[in-house]
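Next up: some structures, all given as structure tokens.
Common to both upcoming complexes is subunit A, partnered first by subunit B, then by subunit C.
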Partner chain A sequence: MSVGDYIRDSQIWKSIFRHPAPTDRRNRVVVMLTNFFLHLHPVSVKQQGIALSYTWCMGGITFFLFLVETVTGVLLMFYYRPTLEWAYNDILALRDVTTLGVMREIHRWGAHAMVISVWLHMYRVFLTGSYKPPREFNWVIGVLLLVLTLLLSFTGYLLPWDQLAIWAITVGSNMARATPFLGHEGPGAQLLNVGGFDLITNASDARFILLGSRFVGESTLNRFYIMHCVAIPLVVAGLIMIHFWRVRKDGGISQPL
Partner chain B sequence: MSHHADLTPSVIQGLGWIYLILAVMNGAWAANAGKQKADLRIVSAWAVFSALLGMLAFAQIAGGDQAQNFSIRMPEVVKAGIDRLANPIVYFAGSTVLFVVIIAARKWLVNNTVAWVILNLMVLFLALSMTDYDFRQIVGKPDNVPIVAMLFIVAFFTWLYFKRAVDNDDRRAKGLPLFEQVENEKVLTWPDLVYTELICMVVLTAILIAWGVALPAPLEEPASAVKTPNPSKAPWYFLGLQEMLVYYDPWMAGVVLPSVILVGLMALPYIDFNKLGNGYYTFNERKFAVITFLFGFLPLWIGLIILGTFLRGPNWNFFGIYEPWDVHKLEVLNNVNLSQYFWIDGLQRPMPVAPSGSDGLTQALYILLREAPGLILVFGYLFLLPPLMAMTVFRRFFIKMGFLRYMVFANLVLLMACLPLKMLLRWTINLKYLVAIPEWFFNI
Partner chain C sequence: MAPAKKAKVEERRGMLAAIMVTAVALPGIMMTPFMIASSLLTAWLGLASLMVARFMLPNVLAEPPRKFKIGSPNDFDLGTVATRFVASQGVWIVHTDQYQGKNMIYALLSVCTHLGCTPSWLEGEQKFKCPCHGSGFYITGVNFEGPAPRPLERVGLRIAEDGMLEVDKSLKFQEEMGQWTDSNSFVEIA
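Let's turn to the complex of A and B:
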């Protein structure tokens, strides 16, 4: 009896993998039903539906990049401190001295790649008409995931706390100043005043809520850090679950009707 | 005019590697053509082209350190010509023309050889352009590298779409089953799909690690609230929105129009009543939807990101791809509001101004009077045009969609069109604002 057989015959192995290896038809079916990670998939799929030239694989790539971002992001969180005193220095150290500092590069390039792959996924879903009934609502969830992906990238952009970061966020968030009614330089904001006091000022408008301050400062760094590492990823994870679940429930993999 | 330390050995050698990759790709192309029993003259033409590229690559890699004599550069004449032509009007008009050509000539473009020639031209253009210092400064920024890659990737997938769509449209015309319906048996997810996913994950991990090792993530000077960089740019994926600021105020470009884009995308499945084209690639069966979406995605979204990233320099001025970013470049801005055109140039009288000391209501009424021409135009655009279109161009749509659905659709189309329209007005009659009420931060 070989070592491999001995391991596969042990109680531990069998408690994890309930069935023999997926080498014959029966076990290839069973593995899809009994493995938690694989059960996202149906047991069988249409050949053309999974052809790379049809799906472009972009949804799967986006999900994989989300996982890469989560893993590298958690590793970076062990190292990086989101304060004015340390943020920049920690990134500097990641670049120059830290072992596996390349995690930051992978995290950043993965983020860019994820933005692109999300767009391409949407592009493919549009071009194959896969948003049409019965998949309308899953498309809507997809649009929300697109927005959240951009917001994840946007909030992460600030964290290195270099010139590139704060000015990109300053430019991006300045728009919020002009939000109709809710920005202090937006149309209609003047109407919101009580007894001569403006309700919407630069310390109470949409931009202030976004930044936690009247300019991009330490409270912004903290706010963006929490959004980037906790709040948005949680929402994204939840929406991804619904998105995947509905792919199965709304008629399965996209195919000619 | 090389006022910079121009071509360093590492640049020349790096370009050598690009030529080498291109040589190998063309070698494979020639070999494949040979295997397919193509015309011998064509096969040898590709082989010779590949060999030439190989020699060029060898010369650049081996002799890179003794520099400039070897390297083939983008001719100065071409650079000057491209820079002279470059301005926002030519850029946007050009990308729109390109868009129309792609759709009109799709049957020709999906030909493999045509696409291969275009790919070669794109890579050669990029490689030659990299010999220019200013081009390298912009394209070589670490954060801009993914955008260059995106350009090729989007071009490829657009091509792939048309390839499959043209094929399917052909099949329909001949009464054959669609490509997606042929050989479409059910297969087991394990191994057919699971293995693809696994390979994809491994390849992607390898790419990310290689990319991370080869290209350091950008890190500039520590943040300083007093040193404003010029230009200050948003993250690259928002540069299309930042470009809209040239034509609209922040409340439109930064808030209303992005919201409209998102609402429009979410509304898409509910306003597209066309049942055809579900689950397969086609162009002919859903022309309107595809053209509208492609116009929004290619020239407007991707196109403006490219414009904002590579062509906007200090003070958000427009610079050609080989032009140095001169902080002092002046662009004459003499844009005029519609109200001024109307009252001063048209009616030859002063703009209406409330008598001094009048109360708030009177002042507001005078402001509305002053801006009445623009307000009427905007009102007509958003509220009169939809019913008008329902009776004319979109008659069929209106009947199929019903009132509410149609109104949402018509407004979304009009709001999407308002960007190119404003661009057109700016370029033709130097229009600044249709409605200019700075008193209320309300400019359109």
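Let's turn to the complex of A and C:
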């Protein structure tokens, strides 16, 4: 008996994999159905579904990049402290003294690539008309995922806490001043007052909630850190699950219905 | 002689090339594409795990240095316990003549030998008292009450080249192991 047979006959192996090797059609189906990770994938895919010329694999590449960002991001959190005293220093230390600190460059380039690939994915879905019923709901989920990807990029941009980061977020968040009704310089904000008392001021509008103060400071760094590392990724992971599930429920990947 | 030697070298070269070709080609012949793919995946996962493990080991520590100067021996009067280094470095500097009748300065680690709390130096009672479980130590560092099983530990102390006292926390001296006689564990004052 070979070592491989010995391992496959052991109780440990059989308790995890409850089927023989996927050498025939039936067992290949069983493998897909009994493995938690593989069961997210359809049991069978139409040949056209894996045609690169049709899908560009842009959704898959976007998801792969999301996984890369998650893994490298979690590792970077071990060396990064979101405080005025340490943030910039920790970023420099990643480059100067941390073995495999290149993880930070991978995280940054992966983020740029993800923004590009998510746009191209959307463009492809538009070109192939894959937003049409019954897939219109999944298009909306996709638009939310696009916005959240851009927000991840935006919040991550502040974390190095260099001059570029601080002023980019200062400029970027100034746009929130002009939010209709919710920005203190936006249209309609002056209508929201009670007895001559303004409800929307520069200390209570959308920009203030985003920054946690009147200007980009330590509370902004803390808010963006939590949004970048915890809040947005959790929402994105949930929406990705719905997005993939709806791809299967709404007629499978990229094919005419 | 020369041509035969050359032939032998060529034969060896041929064999070496054959071994290298086999080493590369054999897996290709013996293994199915699935086996090759899963071997590569396993190898890559193994390498990635090693790299992650290495990443978790920092090359630079933001800890206070283990060796530090604390001033001249004249700064520490006989019969006193200096508590000003406890918060930053975790050591008391003691100048006393109560241990074996010798006039000496030594550095005691402010870590209780019971469960590791930080005792307090009580000037009025002339003892180190641990707030956690009530262990008490004389000014010499020897335990006399409470659950602590052994005296406080000394760390290294010496007179540096510039005449200043230098503490070295990488050295540790335990009384019950007879290490307090070590000349690195105290500085004798003439």
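The rule is short, and it goes like this: the second predicted complex is superposed on the first by the 257 of 257 C-alpha atoms of A that agree within 3 Å, B and C clash if a C-alpha of one lies under 4 Å from a C-alpha of the other, contacts with A are read in each partner's own complex, and residues count from 1 in each chain.
The criterion applied here is as follows: a residue touches a chain if its C-beta (ideal position, glycine included) is under 8 Å from a C-beta of that chain, and two chains touch if they have at least 3 such contacts.
Computed from a prediction, not measured in an experiment: that's the story for all the values here.
Taken together through their common subunit A, the two structures put subunit B and subunit C side by side without a clash. After overlaying the two complexes on the shared chain, residue contacts for A:Thr170 are found with subunit B alone; subunit C is out of touch. In the superposed pair of complexes, A:Arg95 makes contact with subunit B only, with no contact to subunit C. Legend: residue contacts after superposition of the two complexes on their common chain; A:Gln11 is shown touching neither subunit B nor subunit C.
Touch criterion met: A:Val147 reaches subunit B, while subunit C stays clear of it.
Rounded to the nearest 10, the angle at the Cα centre of subunit A between subunit B and subunit C in the chain-A superposition is 120°. Number of subunit A residues touched is higher for B, counting subunit B against subunit C. After the two structures are overlaid on chain A, the closest C-alpha atoms of subunit B and subunit C sit 9 Å apart.
The residues of subunit A shared by its contacts with subunit B and with subunit C come to none at all.
In the complex of the two chains, the subunit A residues touching subunit C come out as 75, 78-79, 93, 97-100, 103. Only residues 143, 146, 149-150, 153-154, 157, 160-161, 164-165, 178-194, 196-197, 200-201, 204-205, 208-209, 211-213, 215-225, 227-229, 232-238, 241-242, 249-251, 253-256, 262, 265-266, 268-270, 272, 274-282, 286, 290, 293, 297, 437, 440-442 of subunit B touch subunit A when the two sit together in their complex.
Subunit C meets subunit A in the complex at residues 51-52, 54-60. Every residue of subunit A that touches subunit B in the complex is listed here, in rising order: 22, 25, 28-29, 31-32, 38, 41-50, 52-54, 56-57, 60-61, 64-65, 68, 88, 91-92, 95, 102, 104-106, 108-110, 112-113, 115-116, 119-120, 122-124, 126-133, 135-137, 139-140, 143, 146-147, 150, 153-154, 157, 160-168, 170-172, 174-180, 183, 185-190, 215-217, 254-257.
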